[in-house]
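Note that the chains are named A, B, C, D and E in the order they appear, and that numbering of residues resets to 1 at the start of each chain.
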Amino acid sequence: MTEFLQHLVNGLSVGTIYALVALGYTMVYGVLKLINFAHGDVYMVGAFAGYYLSELVGVRPPWADPPPGAGEVFVKATIVTMGAMIICGLLGYVIERFAYRPLRHRARLTALITAIGVSFLLEFGFQLSPLVHTPIEFPPGPSPRVFPALLERVGYEWAGVSLSNYDIIGLLVALGLMLGLQFIVYRTRFGTAMRAVSFDSEVAGLMGIPVNRIISWTFILGSALAAAAAVISAVSRPRIEPLFGLMAGLKAFVAAVLGGIGSVPGAMVGGLVLGLAEEYVAGYTDSSYRDAIAFTVLILVLLIRPAGLFGRFTVEKV
Amino acid sequence: MAPLRQLLRSFLPFLVGVPVLLSAQWAMEYSGSQAYTLLLVTVGVNVILAVSLNVVNGATGQFSLGHAGFMAVGAYTAAKITLGLAGFKLSFLPAAVSDQLFFALALAAAMAAAGLAGVLVGLPSLRLRGDYLAIVTLGFGEIIRSVIENMKSLGQATGLSGLPLRTNLVWVGVSALATVVMARRLSVSTQGRALFAIREDEVAAEAMGVDTTGYKVRAFVISAAYAGLGGALIAHAILLATPRMFTFVRSIEVVVMIVLGGLGSITGSVVSAVVLTLGLEALREFQAYRMVVYAALLIVLMLLRPQGIFGTHELWDLPFFKRRGARKDAGGAARAGGAP
Amino acid sequence: MSGPILEVRDLRVDYGGIKALRGISLEVPEGEVVALIGANGAGKTTTLRAISKMLRPVTGTIRFRGEDVTRLASHQLVARGMAHGPEGRGIFLNLTVSENLRLGAYLRRDLAGIQADAEKAYALFPILAERRSQVSGTLSGGEQQMLAVARALMSRPRLLLLDEPSLGLAPQVVERIFAVLRDVSATGVSLLLVEQNAHKALQLAHRGYVLETGQIVMTGTGRELLASPEVRKAYLGE
Amino acid sequence: MSIATLELEGVTVRFGGLKALLDFDLVMQPGELVGLIGPNGAGKTTAFNAITGVYQPTEGEVRVGGSRVNGRKPHQICARGVARTFQNIRLFRELSALDNVRIACHARAESGFFDALFLTGRHLREEARILSRAEEYLEVMGLGHRRDEVSRNLPYGEQRRLEIARALATGPKLLCLDEPAAGMNAAEKVELMELIRSVRDRFGIAILVIEHDMRLVMGVSERLLVLDHGCTIAAGTPAEVRRNPRVIEAYLGDAYLEEKQIAVPLPEGSP
Amino acid sequence: MRLVRAAVLTTLAIVAAACQKKSASDTILIGHVGSLTGAEASFGTSTENGIRLAVEEINARGGIKGKRVVVKTYDDQGKPEEAAVAATRLITQDKVTVLLGEVASSRSLAMAPIADANQVPQITPTSTNPRVTKDGDKTRPYVFRVCFIDPFQGTVMAKFARENLKLERVAILRDVGSDYSVGLADYFKKKFEELGGTIVNDQSFKGGDQDFKAQLTTIKGKKPELIYVPGYYTDVALVARQARELGIKVPLGGGDGWDSAKLYEIAQGALDGSFFSNHYTHENPDPLIQNFVKRYREKFGGTPDSMAALGYDAAQVAFAAMARATDLSGPAVRDAIATTRNFPGVGGTITIDSDHNAVKSAVVLGIEKNKARFIATVNP
């Protein structure tokens, strides 16, 4: 039983990260119907942005002497997180503006290829050995970097089940963001405009909706979310390297599809379900088939619900 | 007699192609310069992969991201067979001929096995569309790789090594030719048009009597079989089959090729497979900057020419060739015989 | 009478090498109804799309309420008082009826006014009131067309472009739509109407233009065109 | 009496709780021309979809040429001789007019993938046969000069005609036309009416047509069925139906009768 | 169309230009195939650094036979096919004298037949799979390595755990995607069970995974005394952290893949009490090692990991052999490499045996206060 609960905690913890990345993914997908292949790499950039910002503001680890006070921790963590979100938001804007917008009216696979191009550019660009050395080393190069401890980890143990403040904060942030996004999408003027653009951007223009601006903001929002996810993830799993967004992006894509692409709660649930499925598979069956079984679960779910758990499967009107 | 002429016509591309390839191979060996052989093999294999993926992604309009999985099935099947038959020989034949016969058998088995995998992967395409299908095919590719990675008999992460060198320019050339001929003959046949119909409008295709489910699965099977062939060839060129060769990144590379060439264009796929492979090789001098340059080129090319190199057209549709050939369109039957 | 609310000069549009419009010039006088009629493929829809910037004309100037709007984007035109009910109705099928209506008033900030106009729209088409919180994908074709018209009015336009409001509708619904258009016109909104049902369109219109292969071949008052033997033969099927 | 081309018996189609079509009966004899009318959302297209296998009827039975086709897929029903056009044109947009029709000929093709890949004699004969048939249908529909044009570039009216040519190429015994005149002007509609009649006469097939244009549908049909909210509210000759008060109330509207009769006299041949 | 033609022409021009080789008789060209990009770029880059350092040193000492040594490196993105093509190009076009690489066995395996066929010696710095130097039962004539093979390291650690530490129950957590990790794990398991120990659990992860808690939770339930995690430092450090977070207190064990300063930086003390097998220790006062570490720091910053050390050794072995060889032809250099005896490498004293493997002793290092400490030397 202890083990079962521990797996539950672990699964939720991993699923939270998937969900956080998937939220941004699903936003972008929802409005453009574009598999934003570069989303995982924006996530990676978010982690590095956080890393560099921590260096710049001089984040001191909890074991430093003297240890940083609560105020300092809060201020610096906020600067790092917000800064990473802003940097990624800008990156998202640039990517959308220059790589995707010119192809918006083309076949969707075309934009997919530029997305792959952007993804490669970020990955391999970040893998180059540092060209700039002061004040920061950039690009970071291929070997992993250690993300600073913005916040001290506090472990809790209850009946042999251990969890930490990282897990709790992650889950709360993810839930908060999900509710916030849901509110934005369904309760605000911007959200209505987003959904309109998503359905038919041409007609949305006829309603007076500035389509380009809405799409740009959606990208900015989605990319900023990726950065938030990256910082939260990197604090608890402090190894970051230029390719670590690849798998995260893929898993987020899976989670978003599982939940039903374009659906905000779907992304959340998809992420958690994927995290839990992987966890229990790895924990109770053969861990060497972890990824294989995660994909099997996905395939089975999609065969039963072809538009994902929360997606509306629209029978094409004939 | 008619049957003979029929047969001749059916194999015409090969009757022309095989002697050319044989002499190329002979020239390579004779000049002692093996320098480009492996590069040409990779080019050829990429042509096979791109043209075969185009059958599913271009002609049928199903978005498959699992080509590497089929390659893996083909590569491992063929590798198992050649390794298993390593000690055997058909005594009445010279050793080399016997080896090549066994290799032909291995290639056929690779195609069959990959084709079977294609059935499996094709089935979800009956219910899923677009990105949902893409993620599922990608998932299948990863599952195949994951299973291989865990099978002791398949060498786990190390894979199968010590394969005999069997792939040569003739095999690769003939296979690439066969893939192109397949794609071309399909595209001018009623079966191929049924695939196009599925791409254009599935509901209408079904209503016009096209068994869309059956044809989608068949497209997957054909495409997978040729991917398996490509996998088997590359394995017997570098004498190795490891899971590392068949990651989803490999599938994505092939998708890039066909989109860059112009989705649905056979010659586009060929040209872009050749250009991309050679281009990446040429960029090798740039070391770590190579992939950055490649990525940047990819973006720029797509922005400059979003429809791909050829769009949906073929080389022979271009005005230049049109003027020359002044092809009389005597209908699909005659066309099918003519090209490539 | 003041100058025309919309003035189009020498509008040309190419679709990948095919000349869809070969120099269209037309005017919509303030407060009037203008109908564009013509065979399929003559360029009627293209004309509307070019005016509201759903596509970019090759040449030509468009003046709206005296201002040159040739370079503006769709949403900027809406801000200046133009509304376009596009071909195929353009309903956001994923949104509810009331959300669709509110989107029509996207640029307006007067919440009370928007609410009042929405109620007016519901009064105009009571069936929409019944379905206000339904996702509009569940509406029938007729209801969607009503919604399209109602939505276009939500921005309080000075000029309304409408593309085939009667397409695919039952006779009764067609009557209803045209009755509403007549009322709308009576409130001083100018209308530029594309309609296959030339008979009904010309009955409503003050003025009509006949398009053929991307050019205007005939113009006159609605009555004149209805009486013209060429129009009767070519478009009224007599 | 010969076997009916199409029989629907008590066909009901439900989507969740929504009854799109209720207890629908229809018998069509060979060569009959029947019109199906009713307000938007009344279930006309649903009836088409139930006939052609796009939707499975929740209840009731559909028989084509005497044999039950419930549970069959659209392409199988097509092979039994039911072809259709679509309300919003669904051509294979990027393909030529000829290819559009050739695809429809595929339904009757006997060669397979193997034949295509190895250019067997059977394949070559098949291709030649398909080509000549396809060209014939294009000619019949007056599209011979458009054979190599990409169908998306055809003018609207020709696209409608191409859809009919394509449907005919499947070799149907029953042709279902879903609002063939939508978006046409009055003159084009008159032409279309002629065309529908001539197709029926030339190929001797039954035609079921959904149409809102009263002039067209009443002019061309021998029999009319009126649907409202999924239920059949009237059936009979056009003249009977037009005077039916329920039809006027639900569908035609009062204005219709007066106005249409003043403005546009009905064409000859209609009652 | 003009664009296509331009693209094709440019490509051809670049290929042609690339094929022009500058032949200068006063230099010796050696080739390196490594993963400078891709998932294992960090390893390939380390090896490349080690090789560059060795080349710089040899040239500072006047080169070999009076000739300057130049290294040419091609990236293989971590793909076997690419490694094969790159190796072919180095051998047939650039005409390198010696081929160095690859880090991973799967890529070395793709290069080995090419080295053999063209009679150019290949030395792999870190490919530990026994099959790399074997062609069936025969030893590949031109392929060598300067690292341990999997059976050695796996066995060493099994013996150490069973005999020195007297452990009964051990769990394994292996990287299924890495042939190195799987090899070590398999041989460890075999030996440990042979010696009467029990493998209580055998779990897998995949290199690059972010989360290992699922496997660790299960392992925790089996109450092992040691978790053997033969993997690369990139993953192991996270494994250790997460193990501690789950309240697992037993030590972790591993192999030379652990060796990197990054390990301690990421692990933040989570590895204290653990130990791993390695080629050398930074603390070894041997001037050879100290000098290497110092010079590496100066040139590249940071402490060299085992990949860098072995890359350095591979190059050094090659240089020594070229210096000894009668001429610089492939067979002559090959013979010289094959007769390497007691070569003082950074990663231990290397003797090449008849299987072309490096025979050298291993050290077992323990981690205390987030630093490696020498514990024992194990001879083959």
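Here is the rule we use: a residue touches a chain if its C-beta (ideal position, glycine included) is under 8 Å from a C-beta of that chain, and two chains touch if they have at least 3 such contacts.
All values reported here derive from a predicted model rather than from experimental measurement.
**Student:** Counting one step per pair of touching chains, how far is subunit C from subunit B at the shortest?
**Tutor:** 2
**Student:** Any chance you could name the chains that touch subunit A and subunit D both?
**Tutor:** Correct list: B, C.
**Student:** Please state whether A-B or A-C has more C-beta contact pairs across its interface.
**Tutor:** Here the pair linked by more C-beta pairs in contact is A-B.
**Student:** Find the chain most remote from subunit C, comparing centres computed as mean CA coordinates.
**Tutor:** Here the answer is chain E, farthest from subunit C.
**Student:** Would you mind pulling out the distance in Å between where the CA atoms of subunit B average out and where those of subunit D do?
**Tutor:** 42
**Student:** Can you work out the whole-Å distance between the CA centroids of subunit D and subunit E?
**Tutor:** Between these chains, centre-to-centre, one finds 71 Å.
**Student:** So, what's the distance in Å between the C-alpha centres of subunit E and subunit A?
**Tutor:** Chain centroid spacing, subunit A to subunit E, equals 34 Å.
**Student:** Two-or-more-chain contact residues of subunit B, please, as numbers and ranges.
**Tutor:** 149-150, 203, 288, 291
**Student:** Where in subunit D do residues touch at least two different other chains?
**Tutor:** Correct list: 54, 86-87.
**Student:** Which residue numbers or ranges of subunit E touch two or more of the other chains?
**Tutor:** 36-37, 41, 176, 204
**Student:** For subunit D, which residues are in contact with subunit C within the complex?
**Tutor:** 38-41, 87, 153, 155-157, 179, 182-190, 212, 214, 250-253, 255-256, 263-264
**Student:** Under the definition above, what is the set of subunit C residues touching subunit D in their complex?
**Tutor:** Interface residues on subunit C, with respect to subunit D: 18, 37-41, 139-143, 164, 167-173, 175, 196-199, 233-238.
**Student:** Under the stated contact criterion, what part of subunit A meets subunit B in this complex?
**Tutor:** The touching residues are 29, 35, 99, 102-103, 106-107, 109-110, 112-114, 116-121, 123-125, 127-129, 250, 253-254, 257, 261, 286, 288-289, 291-292, 295-296, 298-299, 302-303, 306-308, 316, 318.
**Student:** So in the complex, which bits of subunit A are touching subunit E?
**Tutor:** That would be residues 2-3, 6-7, 10-11, 13-14, 17, 124, 127, 129, 141-144, 146, 149, 153, 155, 157, 160, 162, 164, 233, 237-239, 241-244, 247-248, 278-284, 286-288, 290-291 of subunit A.
**Student:** Any idea which subunit E residues touch subunit A in the complex?
**Tutor:** Touching subunit A: residues 36-39, 41-42, 44-46, 176, 203-206, 208-211, 213-215, 217-218, 220-221, 234, 237-238, 241, 245-247, 262, 265-266, 268 of subunit E.
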